[in-house]
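Just passing along the structure, written as structure tokens.
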Amino acid sequence: MKFEHVVCPLCGCLCDDLELIVERNEVISTKNACALSRSMFLNLNADLAKPLIEGKETGIEACVDKAIGIISKADYPLVYGLASTESNAQRKAVELAELLGGAIDSTSSICHGPTVLGVQMMGEVTCTLGTIMNQADLVVFWGSNPVDAHPRHLTRYSLTPRGLFTPRGRKGRRMIVVDVRETKSSKLADRFIQLKPGTDFEALSSLRALIKGEKIDIDPELKELAEEMKSCEFGALLFGQGLTMSNGKNMNVNAALALVRDLNQHTKFAILPMRGHYNVTGADMVFTWQTGYPFAIDFSLGYPRYGPGEFSVVDLLSRKEVDVALIIASDPVSSLPAQASSYLSEIDTIVIDPNRSMTSEIARVVIPTARAGISAEGTAYRMDGVPIRLKKVLKSPYPSDYEVLCKIVNGVIDGRSKDS
Amino acid sequence: MLMGEGIKLRLQKEFNVPVDAPCIRPDLFKTLGNEKIKNLDLHVGNKVKGLKDLFEVEGEFSDEITIDGDLSNFKGIGHKMESGKITIRGTVGMHTGAEMSGGKIIIEGNASDWLGAELQGGMIRVKGNAGNLVGAGYRGSKVGMRGGMIIVEGGVGNEVGALMRRGTIAVGNAGDFTGCFATGGSILVWGDTGERTGAFMSRGTIVLYHEPKLLPTFKYGCAYNPVFLRMLLRLLSNWVDVDPQYITGNYKRYSGDITELGKGEILIWVG
Amino acid sequence: MEDLKIVNGIVYDPLNGIDGERLDIHVSGGKIAERAKAQRVIDVKGMVVMPGGVDIHSHIAGPKINMGRRLRPENHRTAPVPKTDVTRAGVGGGLSSTFVTGYRYAAMGYTTVMEPAVPPLMARHAHEELNDIPMVDKGCYVLMGNNEYIISHIHELNKVENYVKWLLNAAKGYAIKAVNPCGSDNWKWGENVHGLGEKGVKFDATPKEMITTLSEVNKRLKLPHPLHLHTIDLGVPGNYETTLETLEMLKGKRAHLTHLQFNCYGGSSWKDLSSEAGGIAEKVNDSKITVDSGQVIFGDVTTMTADAPWQYRLYRLSGNKWVNNDVEVECGGGIVPYRYRKKNSVNATQWAIGLELLLMIEDPWRVYLSTDNPNGGSFTSYPYIIKLLMDKKFRKEELSTLHQNASSTSLPDIDREYTLGEIATITRGATAKSLGLKNKGHLGVGADADIAIYPLKEDIAKMFSKASYVIKDGDLVVGKGKIISEKYGKTFMLDFKEKVEPDPDVREFFKYYTVDIENYPVEMAYLPRYEAIKCG
């Protein structure tokens, strides 16, 4: 069976032009997919999770009941993950955290959390990816390596496509890469500026001073970059974790946001974060419309409070403040610093995930689910905020993340009404 | 109203779940009898408990509170307090003295992040170290500290005095981005400072006693002995040992951040 | 759902010509009925009974308001809203979270709210948020005034007509919205338009052509609501001339000019900005145009519009943080926090103009109450505005606390005081009529049983801020200004009677999008409860 216009639930590009051939509930070939995407689609049945309690296989109902029992007794539970699931599951997860008086956080806090803090400080002059395609004659990738991390970004959105006012495609566009090391992306660039590690902030501040017309003594390459940025017709600065997770973090983002904002006194310029997980943007969106805040939220007082550095996953775990962790569609054991992730094996950790992971290995309860975008429909938000409907292409024996979360929410409510 | 001997709180057991404790404030306690104090609500994780479930409580009707124990997980002590005094004989958690407008908090151990955040007035003194964002503005705010004084004898983390508009902060050592986004006020660092001091500042003064690495967006002006600083140092010598040479010595003046208004100053003591 | 009988209330139902009569209202099956076999009787003796409020213009859902929420944690921090046994938690500053938005509207007796600015590419997002707004029925308007397909086919009316129809259906929108037509598109190149006849930077179309084309298409498609227009030069001193020109251009046509207060400025700079509301009101009186006021409320707000060049201007004026988002092919938008100050001459004049419009436009069926939430202020300020309209003395007292320039307007000389019947008109009867929602805004038999019951109080603002009872689709959901039961309303969409297919050149045009045309239209899954209103 052939599926067309399939949306790829892998990275923040959320390409929606894939074709899949499915036979006997397996993807046997893909068209238009990048290497990462193809590898994902062709290996969907590897490492599937099974319903487990204390490492022993059991029925999914038993796992859900166990999870309800554990989480209902918690003094301060954490709900975490949610970047690789659809928005209905994210909505339900917020409801659960609120119901439990716990904390909720998404993987934003370990990738583009600093971006959010930057935006809250400075604002954000941005655009959708199609605006870059249609208008940009200059694209600057800063601390980001799209060739490896977002393989089709350059060909679908930012470098080679011909848009409404960019009929020459690649030929009409300058590509600049600013990074601390050579990458596959820097090799494609018309100009590569290599920074000393940990000096992004100084470079961005210097550029801002130059754009303002101040005279400062810096690398001539940066002076040329400032001129290029000022004189383009429509520029875009696309930044990745090389900026958000290096020395200076949210301050680096502040400087980049301010630079782009200031450039708009001379030309049109936009800035976009190159967000990783396919629906981490959706987690920000859903959390924000339901609570006002995009990540690192606490409900222990019955209302939402915002606390990056306080209610964010690394901090709650490192300080050992939570007593139960519910991990949804994420693998913190492999992605968090050891001092944080090791605590997950000390407390009751529940995992809701279609796949086995390092986190499911240490969890007390594992609830397997139908993978969003593969075996469950729903909404995902592209890195630029464009919402796209995910497709269901394979059948799964398990319920979706959303369905499991509904059961848990209902179970917690039922348990309470029995108690009272 | 008759003031008692002071109110003593002694923590009974230690645990990790965070406690939200903004009810611990002297201007409230001075109006309450012992029973009422004991029955004040604290949020312990997702549960509500009485103060007496966690603390042994002595005294009543006093605006002086002394607390014993490791309060690392206690947040918001002295939040918004307007008068009175809290002495913490140990270490304390986040948001201590945040938004307070008067009175005094003495912390004999360490303090955590957001100490005296958006402080309006009053004084906070820490004998040990403090965390990040001391005296800073909360996320998204335009203005942080608007008045009062924070003295930390040990070191503080990053972004001390972020968004500061008025008041004084004096610390032993400081991390990165000291005084970022400041629009006024004074920050003094007796020891070492990290990188990027004064980033985005438009006004205000940062005084350093060890040579820092400055951003390229600060420009050297002159060396001099600023009058206001002499007065400020004399004032500070009421609470900290100020080397007399700091008062008489010269300072190199750098102005910035030129990416912003550029009317902020970093003064570096040269002896 | 049980049947209800609401007895002894004083009923204001302007659409049915009822102006303060003591009548009983019967509710059966979620509708107003001739006679219900009600088990439950609610005695509302001495209280005022009105149809549920209908807000024609309030930014409550979608990418723009959500970017605003994300931008302003400092605004939420001081306005937490705890959960209760029946309601969800959230925040309730000027940018309330979705749940709180629904609760607050309901507490004031509003039961229908329209989100007025959705980029079609982001329509799914708007619908997701609408689905998380409880208590009210809702719908959204689709941004079209800077759509580059329309701009580039501006002289091909048939093509534009078919495209607009397809787009409304694809976005599951309810009306055509135009914001600074052609100006926001120019902003994609850092420019704006000045004057109705100015051509775009990249396209030949003028604002005048865009407005007349969309208004003509609106007429041809027989849409229930007229073209909803945020016209050009908004917020600019001296813009009243453009506004008069726009009104002249639309004379005899159906159109709705939104938050008109921002387009009534005389003078040549911020220093000498003055009110021209009188001339504008006269022109409106003389036309078929409907308008809403766009009242400003003193205090902190977050401005957000698809008028991106205006938001840039406001950023440069205020120095506050600024969000801009250019949406491919369709539109753009901006967000800037702002504070309206009583002692600021411009802000005080703006405040006066909003009231002048409501008081000087004679026909209450053509001027509606709005704050352009959250731009001029929060929708929660409606009771305060109602009091200003109904109480001349209060108006004068407020005026005396403002910068003197507010008194140079004609406001001090206006003696008109709104009656309760007129308030019911500008907040529900007339807005429902303008929207073409035949089952809303009145209490006639067959109407949706959305009923607001207010305590008759000396202080009008208190009376309208907490309804004694609110009934939504026949269910009692509010008691004494508090939510007693949570309920989710429906979304209004359009019924074109036939399947709508895009022209082949629309498919061709999609090469300028980064989303496949097959993945573009909003699926019905996003409208779990809906009512499709027939066009024609």
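We just call them A, B and C in the order they show up, numbering each chain from 1.
Everything below uses one rule, namely that a contact is a pair of C-beta atoms (placed from the backbone, for glycine too) under 8 Å apart; a residue touches a chain by one contact, two chains touch by 3 or more.
Note that the structure is a prediction, hence the values are computed from the model and not measured.
> Weigh A-C against A-B on C-beta contact pairs and write down the one with more.
Answer by contact count: A-C.
> Measuring between Cα centroids, what's the chain most distant from subunit C?
Centroid comparison gives B as the farthest chain from subunit C.
> What is the distance in Å between the mean C-alpha positions of subunit B and subunit C?
The answer is 46 Å.
> What's the distance between the Cα centroids of subunit A and subunit C, rounded to whole Å?
34
> Could you put a whole-Å number on the gap between the CA centroids of subunit A and subunit B?
Result: the chain centres lie 35 Å from each other.
> Of all the residues in subunit B, which ones touch at least 2 other chains?
139-140
> List, in ascending order, every residue of subunit A touching at least 2 other chains.
Subunit A, residues with two or more chain partners: 120-121, 299, 301, 306.
> Quick check on subunit C: which residues sit in contact with 2+ other chains?
71-74, 77, 320
> Which residues of subunit B touch subunit A in the complex?
16-18, 20, 43-47, 73, 94, 113-114, 132-133, 139-140, 176-177, 180-181, 195-196, 199-200, 215-217, 257-259
> Residues of subunit C touching subunit B in their complex?
Residues 71-75, 77, 320 of subunit C touch subunit B in their complex.
> Please name which positions on subunit A make contact with subunit C in the complex.
Listed in rising order, the residues of subunit A that touch subunit C are 4-5, 7, 16-17, 87, 91, 95, 98, 116, 119-131, 133-135, 156-157, 163-165, 233-234, 261, 264, 267-268, 270, 284-286, 288-294, 299, 301-306, 377, 379, 381, 385-389.
> Can you list the subunit C residues touching subunit A in their complex?
Those in contact with subunit A are residues 61, 63, 66-67, 69-74, 76-77, 80-83, 88-91, 93, 95, 97-99, 121-122, 124-125, 128-129, 132, 148, 188-190, 202, 312, 315, 320-329, 332, 335-336, 512-516, 518-519, 523, 525.
> Please output the residues of subunit A touching subunit B within their complex, sorted ascending.
Subunit A residues touching subunit B: 74-77, 100-102, 117, 120-121, 201-202, 205-206, 208-209, 212, 214, 216-218, 247-248, 251, 254-255, 258, 299-301, 306, 308-310, 319-323.
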